[in-house]
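The chains carry the letters A, B and C, assigned in the order they are written, with residues numbered from 1 in each.
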Amino acid sequence: MTMGVSTDTVDTQMGRAPARRRGSATARRAETWASNAFFYGMVGFVLAFLYIPIAVLIAFSFNSSRSLSWPMTGVSLEWYARLLANEDLLEALWNSVYVAAAATALTLIIGVPAALALDRFDFPGKGLFRKLVLLPIALPGIITGISMLIMFRMIGFNLSLETVILGHATALVSVVVTQVFARLQRLPRSYEEASADLGASGLQTFFLVTLPNIRTAIIGAALLSFTLSFDEIPVTFFLTGRDNTLPMYIWSTLRRGLTPEINAVGALIVVFSIVLITLSVVLTRDKSGKRG
Amino acid sequence: MRLATRNRLSSGGVLSLPLVWTFLFLFIPYAILFIYSFWEKKFPTFVPAFQFGNYLELMVDPQYVRVLLRTIKIAGLVSLLSLLLAYPYAYFLVHKVKRPGVKLVLYMAVVLPLWVSYLLRAYTWKTILGTQGILNSFLVSTGILSEPSSVFLYNQTAMVVTLTYVFIPFMVMPIYAALEKIPGSLTEASRDLGMSAIQTFVRVTLPLSMPGVIAGFTMTFCLSFGDFIAPFLVGGPDGMMIANVIATQFGAALNWPLGSALALVMLVIVLTIITLSDRLQGVGRGKYA
Amino acid sequence: MSEVIRIENLRKEFGDVIGVADVSLSIERGEYVTLLGPSGCGKSTLLRMIGGFEAPTSGTIWLDGEDVTDLPPNQRAVNMVFQDYALFPHMTVGQNVGYGLRVSGTPRAEIKPRVAETLSLVGLTDKADTSPAELSGGQRQRVALARAIVRHPKVLLLDEPLSALDANLREQMQVELRNLHNKVGLTFIMVTHDQSEALVMSDRVVVMRDGRVSQTGDPVSLYDAPANSYVADFIGATNLFASPVKASNGKIFVSCFGQELEIDHPAVDGVPAAERLFGFRPEKARLVRANGSVPQGNLLKGRLENVLYHGAMIRSVVVVGEGRILVDTLLDDTFDPARHAGTGDEVFVDIDPHKIMPFARDGAS
């Protein structure tokens, strides 16, 4: 990514305020120049820091040799071909899709009512409930992972992809709750009151008024939840049985050494992420505009 | 039926599933973790007990304290480095970029990497910093180094760089939000009253953006604090962090009670930091008139 | 006319705070009643209890002879116009207006003409397919009205319906709302903190204070015979002062900031009494320039501190002793600016003894 900022987007004329008038014009210009140089430098550095590694990741997926050293030896699609022939990897990919989809469904089923309850109702123990639900967002995943591992072991559950799903859902409900709760907070309560006032039942109000107005937040939360689950390691690490998810598969191959095959997977994931992001931007754009 | 009762009933319907779930998969596991930390390891299994042996071991054996201090140090450095990079970036976005389109693109540029696999983002630094990696081959080919050096990878610096790379978006987002929320009239008033741009920044903008800084610091600190993937990928023998030690107790070392005790220590530290951060943000959080 | 709403000893407590304290009220069918008071006086809470949005702590609400105290909003034949209009942003104007019919299972074929009819009533026939976001403030207000009356509720509740509009539009909407009330013949209960709005629009005004009804009455009686100093001060302006009552030579006197004024009011007998409150309206008094001699009348002597121009009248602020007395002078053809006192001049305030009103010491009646 390059710096897409032209000078006219930048406020170079900061000398409007009275304080500036005291300095000479030259000093002022030098100061402005220095400040701009600093900011452009920082922004350029941060963008380079963020995107060079991703560029490297993708570039080497096309490298013709096994080595990951610069300069690249040539361009080939060998690693992509190998990847498509790698049955373990494809199975892990499928497992990840299954886990992420199921976990996302669960987070929505639990998270949306939880957000509604936190925003709209008062009940005893609400404070504790909120703390518990939101805890996994701040807590290292490893704690969710091991605490559920111990519980499953105690009640004699065998570890499987399903235990991973339960773990992911538990860890990611907080994502849905925060997103949906934030939207509900911005949704005037009078909408629901107006709906009830006009004769709608609780369910009618939810489906005809509340849901359409928090729809984009739910879609956004679902996509985020899916992505995070798809990428999850700390919880999966402790809760998976024989089956591997994609990140766990990559993790285990990393132990054996680096291969451009992983870069190829990475490049594909980057492309997939871009698709998801685009989807989320398109789907969550609020068409209704300002509230009436 | 009274109106209040009716409300309570309908809220009960909405609530039951989340409540049951929270109880089953959050409350009970944490409770078990707590109880487990007092159990004893009696090979080949663990037996229920109520003793402080695990906690005693954590205090007596210097390696645990050392790992804990190292983890705090690394998480602190990551947060600091992220702050130094993120603040100017967010400030530039809010105060210098005028076109909304450009602002959005530059903001999304920071958030986007979050959608790309965390593991792969950490992994790519392994390929960059390694002896066979890009950095070495670049330095050798340009003649700066005569032969590839192994100093870049497998140490704490590599971990700090990698974790900063991975978690910096969590610093930019809250700072950006805090800066964006400050009414432009406040900085204008400050300039109008004769303060220079730098004075205005130090006396007005910086204090008002502190809640964002604190939130960002807390996020990056807690996330780095609990990480066990970066140490595994780019950390050396002196790069083990507390999460790695916990993972080991549940794996090779097979001492779950000790691991649980360690996890509880971690939990308490993280919760303390979050509570502290909430307090601090509460102090700094004011309504703009 | 018959009673459509009867409220008996209605009370609402929020924890330790008393929102509404044992209010009883009866409202006739077709009446336009306004609940008036400053923010926090309980007027909105009372309205929301009638609508079913707040559960009363105790007391009863009767709607058309039926006890609706514990019915949820969707089971009351009462509709509300919300302060922020609460138009559903994801629906068109037509869908908004038809919402109440749709959720109650009215056949589609019937919804359309009724929506059209109601929209034409508020003059928005051509806006049925528009999004509420594209409408102006006044238009949104009318959609909210249409939506609330489409189901022909027994009572229409209006929560500060005009507060979001700017001054000019507000006056225009006041007239429109009043016209609509005459046209549809529904019972309107409106909440407002704007006393002039209440006077202009209502058949009857309920002045509230601290969760209680301070006075109920038609606008004229509220203005001319406020039951207490609170109402006198809240509706219109009043020169208030505290004074004991004194009798001499068959006349009764009170002291206004140290100067004696004669009072002639049926509620004040000649018996000397402890201190109580008195007041008179600024427009009932007359400002007289001193000119060296003392004019005839029931006079207060003071110094003209300020003259505030109000367009149709001027308001003079006169310093009398330690107090300030307001005198309004209508700027009609008889007004001669050359003869009016200037700032700093010595002046007299002349007030007819009949126009001085006595009040109970406390605002609660």
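Note that in this section a contact is a pair of C-beta atoms (placed from the backbone, for glycine too) under 8 Å apart; a residue touches a chain by one contact, two chains touch by 3 or more.
In this text the structure is predicted, and so the values were computed from the model without any measurement.
Visitor: Chain pair with the most contact pairs?
Guide: So the chains sharing the most C-beta contacts are A-B.
Visitor: Among the chains, which is located farthest from chain B on the basis of C-alpha centroids?
Guide: Between chain B and the rest, the longest centre separation is with C.
Visitor: Roughly how far is chain B from chain C, going centre to centre by Cα mean, in whole Å?
Guide: Chain centroid spacing, chain B to chain C, equals 56 Å.
Visitor: Averaging over Cα atoms per chain, report the distance between chain A and chain C in Å.
Guide: Chain centroid spacing, chain A to chain C, equals 54 Å.
Visitor: Distance-wise, how many Å sit between the C-alpha centres of chain A and chain B, to the nearest whole number?
Guide: Those two chain centres are 15 Å apart.
Visitor: Indicate the residues of chain A shared as contacts by at least two other chains.
Guide: Within chain A, no residue contacts more than one other chain.
Visitor: Multi-chain contacts in chain C: which residues touch at least two other chains?
Guide: 52, 72, in rising order.
Visitor: Counting only residues that touch at least two other chains, what does the list for chain B look like?
Guide: 7
Visitor: Applying the document's contact rule, which stretches of chain B touch chain A when the two form their complex?
Guide: Those in contact with chain A are residues 7-8, 10-12, 14-15, 17-19, 21-22, 25-30, 32-33, 36, 85-86, 88-89, 91-92, 95-99, 102, 105-106, 109-110, 112-113, 115-121, 123-128, 130, 132-134, 136-138, 141, 165, 168, 188, 191-192, 194-197, 199, 218-219, 222-223, 225-229, 233, 243, 246-247, 250, 256, 259-260, 263, 266-267, 270, 274.
Visitor: Enumerate the contact residues on chain A facing chain B in the complex.
Guide: Within the complex, chain A contacts chain B at residues 1, 4-5, 8-11, 14, 16-20, 35-36, 38-39, 42-43, 45-47, 49-51, 53-54, 56-57, 60, 67-71, 109-111, 113-114, 116-117, 120-123, 129, 132-133, 135-136, 138-144, 146-151, 154, 166, 169-170, 173, 202, 227, 230-231, 233-234, 237-238, 247, 250-251, 254, 258, 262-263, 265-266, 269-270, 273, 276-277.
Visitor: Would you pull the chain C residues touching chain A in the complex into a rising list?
Guide: 51-53, 72-74, 78-80, 82-90, 96, 99-100, 103-104, 131-133, 135, 140, 143, 147-148, 151
Visitor: Please give the residue numbers of chain A that touch chain C in the complex, ascending.
Guide: Touching chain C from chain A are residues 188, 190-191, 193-201, 204, 208-209, 212-213, 288-292.
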